[in-house]
Every structure is written in C-alpha cells, then in structure tokens.
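Just below sit the structures, each encoded as structure tokens.
In the two complexes that follow, subunit A is the common piece, with subunit B as its partner first and subunit C second.
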Partner chain A sequence: MQASKPSVAAGGGGRATFALHAVAALACLCALNWLVATKVPLHIQMLETSYLIFFYHFPSAILCTVFFTINAVFSVFYLATQKPSYDLHARVFAEIGLVACCIALATGSVWARMAWGEWWSFGDPRLLWVAIMCLSYAAYVVLQQFMEPGERRMRYAAVFAVAAAINVPLVKYAIQFFGENQHPMEMTSSDSSLKGTQWFGAFAFLLFYLLVYRWRIAKEKVRASIESSLSAARRIEEGRLA
Partner chain B sequence: MRMLSRAKRVVGVALVALLACLPCVVLAQDEAGGDAPTVAGTATVEELTDFRSYLMFGFSLVFVLIIGYLVVSQRRNAALAEEAEFLKKRIDELGK
Partner chain C sequence: MTVPLPSPQPQRSFWNAYRALVRWDWVREMKRKDTVVSMVLFSLVTLMILAFAVDPRSLLSEEVRSGILWVTLLLASTIGIDRAFRGDDQAAVLEGVLLAPVGRVSFYYAKVTATYLYVGIMALIVLLVFCWLYNVSGLDASQFAKLVGVILSTVFGVVVLGVPLSAMTRSIHGGEVLLRILMLPLLFPLFRGAVLATEQVFRHEPIDSQALFMIAAFDVIYLFAGQLLIEHVLADFEG
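Moving on, here comes the complex of A and B:
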C-alpha cells in the first residue's frame, strides 16, 4: 500500500505566523535603531554618546532574568509532572536567556570602558552576580548538551535550574543588598523619549528572542520526530532479524 | 561529528555577536578620541547625527541577517518535519 504523501499544509499556518512574527520583530528592531539614531538626546547627565548602547544593553539585561525565571518555572513543572515537554521548554528558555545575558555583558562591558574607563569592575556587586549567573546557565546548557539523553538528564537539569534561579533575585537586588558601587540603579533624565525608547527596545528584543525561541522549539521537535522514526525503523529491523 | 557541528555553530554565533558589537566598538573608539567625531571634541551635531545614522544602518543590517537566517532555517525545519512525518507513516505501514 502506498503511503499518503505528506500534506503541503502541514505546518503551513505555523510558517505564516512565523514569517509574520519575523517581520514584526525586524520592523520593531529597525524602529528602535531609528529612535536611537534620531529621537533620543545625544548625551545625558555626565554620559556622552556612549550611553546610546544602553538601548541595546537594557533589553537583553532585563529579558535574560525573565527567561531564566521562566526556565525555573518549567523546571519545577518538570519535577512535579515528569513531562519531557517541560524540560524542552526549560532548556530553550535557558539557551535564549544565556544569549541575552552574553549580549548584556558584552554591551555593558563596552559601555563600562567608556563610562568608567575599564572593561570590567570586580568590585561591583551587580556585575559580579551577572557574571556568576551567566556562568551558572552556561553550565546548565553544557549539562543538557553533553549528558546522555533520558530521564536522568532531565531530572538533574531541572534540579540544577532551580538552584541556579537563586541568582536571578540576587542580580535584581544586588545594589540594594550590597550597595551601589559603579553600576547605577537606573538612568534618569528629564527627556521623556528616553523612557519610551528604553521600554520599546525591551518590547522589540522580546519579539526577537521569542522568534529565536520558536525556531529552537521547531528544530528540537523535528529532531525528536526523526529520532522516533529511526527508532521505529530499528525495531522493525530487529523484529525481522529475530 | 556532532561536537564539530556544535563547535561550528558556536563560532557562527560568536561571529554574529562580534558583528553586532562592532558599531559599539567604533563608537567607543570615537569616544576615546580617535579621528571620528566626539562630543567632547570638535564634532558638530550634524556629524554626530551622521554617525548615529551609520550606527542605525549597521545594527539594522545585523538584525536583517539574523532574522533572515531564522526564517530560512525555519522553512528548512518545516520541510524536514514533512519528510519526517512521511517517513514515520511509511515505517508504521511496513511494521504492520
């Protein structure tokens, strides 16, 4: 019997929404660039034009903590229910959170060089906690990538993620807990365009990271589907040989 | 081979990140007092606005490249998903 041909429509709706999502993310990011290039003041307080990098630093910094928190929530769900799909979502959120964290660190470092005259300040509590958080989640991703797939890996990763999530409130409240050293609590300016651009940037980057998230989930699902087909083929082969 | 493929991906992501940081580095060099205009130096507002336009263009280009890659890759994912679905059906039929 001839197997039915795969339907062309399979995933068609998903493809259309993905394309729309991509267009929206690109439009928002380009709009952010335009706002930074034309609307915000050239310099504020004592900061010169180098502060413009803030509009790329802030969204990634805020979103990485959001993604790590979601990772912890999915990990708790996994521990409670043992459903592999929760592990997959936790893993992907940790990956995009790690990318966001690296971007925040890189842009922050360039900015620090201009504002403070040094690439990194070991005496600053927030910087230190962000670096610790970044390394924790890098370890989580390595654990997920290099342990043998299976229930054991998912359980270990979930426990690790819950433990690593302690870093998130420490980063958020580092300045309140340990005092302000160099990293400011927040940027202040009388110019209203600054706050608007800052939060619009967060929205634009959120769209972008969610696009990456959808892409990673789709990729993992395809891989799982191929692996399941291969294991079915192996079972048939073994049955024939027996 | 899987390790190599992962390493290639990591290098790719690092290159894109470097590309994304390039305008910032250029900006930082300007601030440090290079040949390009600086606020503290002799730059006029027009020159700075021009510079910000280049910055905008650079970042937009990076975003276009990354999102374009995601869209193309997602199309490939969808095609692979269809193939996998077809393969699974065939295998199930052969197993009966």
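Moving on, here comes the complex of A and C:
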C-alpha cells in the first residue's frame, strides 16, 4: 500500500479547498480595492487621499496582535502537553504575525510621512510599542534559527513566547499609559459605511494570512516527512554496516 | 523493629537549598570579583562614550541624563545576567544541583537573589559615579532615596526576566548575543517606566504613579512567570 504523498499546497484539507481558499482571498482583496476606490468618500479627512491606506494598515495591525495571542495560547498548550503539533502551529502563527506586523509598520510609516511629514515618530507610544512587539517576535524567530530542531527548541520557543506575549496587550493600552498621542484612535467610528469597509478589509486580509498559514503548515509537514524518511534510511544504513 | 523514616520537609529543604546556593554564588563572586568589576568598568566606558555622543549643552537636560543613566545600567546589567549561568564552575554546580533533590523553584529564587545582589551593587556604584560625572546636584535625602528605590526596583525587573533567558541561552552557540536579542525588547515597558520616573526625580517632581505601576507590575508579572517557566527551561539540563 502506497502512503499518501504530502502536498505543499494542500494544507490541512486537500488541493481543491486550498485553491478555493486562494480564490476567495483574492476575490475579497479585489473587492476591498474596489470599495476603497469607489465607495469611500474623500472629503471626510483633512489628509485628502492619504487616509485610504488606513484600510490596508488597520487589518494587518489588528491581525498581528490576534496571531501573536494565538501563538501564546499554542505555546501554553505545548508546555502543558509537549505535543509537537502545538509547537508547529505556534511557530507558524508567530511567522505570519511577524509578516502582518511588518506590513502594519510599513503602511503606517507611509501614512505618517503623508500625515505628519515624517517617516517615523518616536513621540507616538503605540507606534513605538508595535515596533517593540515586532522586535520581540523577530527575536522568537531568531531563537529558533540559533537552535537545532528538536524538543529543546520547541520548549525554549514556547517559554519565550509566553514571556513575549505579556507585551501584546500593552499595545492597546500604550496610549493610556504614556499619552502624547498622535495616533488616530477611532478613525471611522462616525461613518457606518467606512466601518463596514474597515472590517471587510480585516476579513479579506484574514483570508489571505490564513492562506499563507495553510501553505506554511503544509510545507513544514513535507519537511518533517522528508526528515523522518532520511533518519529512517540512516538507521537502516547504520544497521546494515554494523 | 523498623525505624520510621524522617518525614520530608519541603519548606525547610527549600530554604536550605536557597541559602546554600546564594552563599555559593556570593562567595564565588567575592573571591573573583569578575562580574561586578566588569559591569562597573563597562558602565564607566559607556557613560564616557555617551557624553561624547551628544551636545554637551544637552547633558543639562533631565530627559537626556535619565536616558543616559538607563542605557548604561541596562547594557551593563546584561553582562551580569549573562554570567549567571556561563562558565565552567557554573555548569558544574548547575549539574550537581539539578541532580540533587532540590526544587527548580528554590534554584530560580537563589539565582535571582545572587544575580540581583551583583547587579544591584553595580547599579548603586554607577549611580554615584553618574551623579559625580554629570553634576547631578540639588537632590535631598528623600529624592535620592526615591532614585535609589526606582533603580533597585527596575534592576529587580531586569534580573527576574533575565535569569530564565540566561538559563535558556547558556548552552546555545552564540548565546551571549542571543540573550540580548531576546531580553532587550521585552524590557521596553520597564525601561520606559524607569526613564520617566528617574527624569521626574531629576526635575524634583513627584513620580508619576503610572510609571511606578509599570515598574511594579513588570516585577511581579515576570517574577511569577519566571517561577512557572523555570521548570521547562531546566527540564533537560546539559552542562
């Protein structure tokens, strides 16, 4: 009986659902572009059209904190049960969270240039806190690069993830703690259609990031399968030589 | 006739192990003095370099002084934390302790106490040198006591976070660099609170309660997080 061949594109549920997922994510991102281009009024802000980047900045900013929180939950599960699958999910959520955080910082920086006239402002506590959170999770990824794959790496990564997660809620409360706010708090609260576009954007980006998540999980499973085959072959070879 | 075995006394064994480990670390440091001396020398060099890095007129500003003091203390304290688990004698003792029936938690608290002693002594020496070099004057006894309180409580936060991370990076190739990469971003809330509180002491103003809350919350949260996580960090000790 032949073992089923792992597929990079398949993720957890086969090629067909992966393709469907990809099409849905692409369609939602196109729909978001259309909404931003045609349905969002340009006269509500003093910043002319620069605030339109908000509909791309907000989804990544909110989703990165969600992904980091999920990373912490999986890390706690790993420490409690020592199941390697929890480590894999924690690692991939941290990676896509880091990508989302970088996108949020990059779009925020472009917007800051248009709105405040500078690429970066150290006077804004939330911006600073998001950058620090980004560095913490970059350190999480670096920790895994420094170590050989194995149980110890999983355990240390989970320990660090729990320690780093304590910073995540502070992103929300940074402005309350340290004031000096330049950051827009309730950008679209006055207009329900804008709020709808804002949350549709979050949904579209969520589909996109989950697509990346499925692809990474599938890739890691292929790698694990190759590594286990190689180690089995090595054991057989060693047994034959002995 | 069978002799009854003595009942285990976990509370007593916790304190015995704690005292023995702190004493061992302290005696070792008093003999060598390498950790405190290297931290203080590094701090002096950093204080001088930072004084050259900025406009001399800006050194009169409380914000700049507070920032310079904390950058120096933070970088110097990473040396002491890194050395908490590094070195041949540390590895041998760690191996012996972890083979003995000593709880990981008492080991964690002993390491935190010993490391806090060195880093705290270094911080107080650096504070005195800083006040002399940067002409900090006009602080009365109560303000100076507040400044010492802010420094010691912040250093405690640095140590409770740093000790588990130091234990993690002790046997990783390039662990010295990795420790700083892991530790410094997580210290940001504490650093921010400490800089604000110190700046307010330099200005002769009352310390903002939010800054103090940030420092105290960080200390308590990471102390208990460290106590919970140290079991996992030391689960498979490899000297």
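As a convention for this text, the second predicted complex is superposed on the first by the 223 of 242 C-alpha atoms of A that agree within 3 Å, B and C clash if a C-alpha of one lies under 4 Å from a C-alpha of the other, contacts with A are read in each partner's own complex, and residues count from 1 in each chain.
Definition applied: a contact is a pair of C-beta atoms (placed from the backbone, for glycine too) under 8 Å apart; a residue touches a chain by one contact, two chains touch by 3 or more.
Model, not experiment: these values are computed from the prediction.
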I'd like to know which partner A:16 touches here: subunit B for first, subunit C for second, both or neither. neither
State whether A:167 touches subunit B only (first), subunit C only (second), both chains, or neither. second
Let me test your reading of the model: by the given contact rule, A:151 touches which partner, first (subunit B), second (subunit C), both or neither? second
With both complexes overlaid on chain A, does A:80 touch subunit B (first), subunit C (second), both or neither? neither
Taking the superposition on A as described, I'd like to know which of subunit B and subunit C A:159 touches: first, second, both or neither. second
Touch test for A:136: subunit B only (first), subunit C only (second), both, or neither? second
Looking at the overlay, what does A:27 touch: subunit B (first), subunit C (second), both, or neither? neither
Going by the touch definition up top, name the partner, subunit B or subunit C, that contacts more of subunit A. B
Which subunit A residues contact subunit B in one complex and subunit C in the other? none
Would you tell me which residues of subunit A are touching subunit C in their complex? 79, 129, 132-133, 135-136, 139, 142-143, 146-147, 151-152, 155-156, 158-160, 162-164, 166-167, 170, 177-178
Residue ranges of subunit C in contact with subunit A within the complex: 161, 164-165, 168, 172-175, 178, 181-182, 185-186, 188-189, 192, 196, 210, 214, 221-222, 225, 229, 232-233, 235-236
Enumerate the contact residues on subunit B facing subunit A in the complex. 6, 13, 17, 20-21, 24-25, 27-28, 30-32, 38-40, 45, 48-49, 51-53, 55-56, 59-60, 63-64, 67, 70-71, 73-75, 77-78, 80-95
Subunit A to subunit B touching residues, read off their complex: 1, 3-8, 10-11, 14-15, 18-19, 22, 25-26, 29-30, 33-34, 36-38, 42-43, 48-50, 52-53, 56, 99, 102-103, 106-107, 110-111, 113-114, 145, 208, 211-212, 214-215, 218-219, 221-222, 225-226, 228-229, 232-233, 235-236, 239
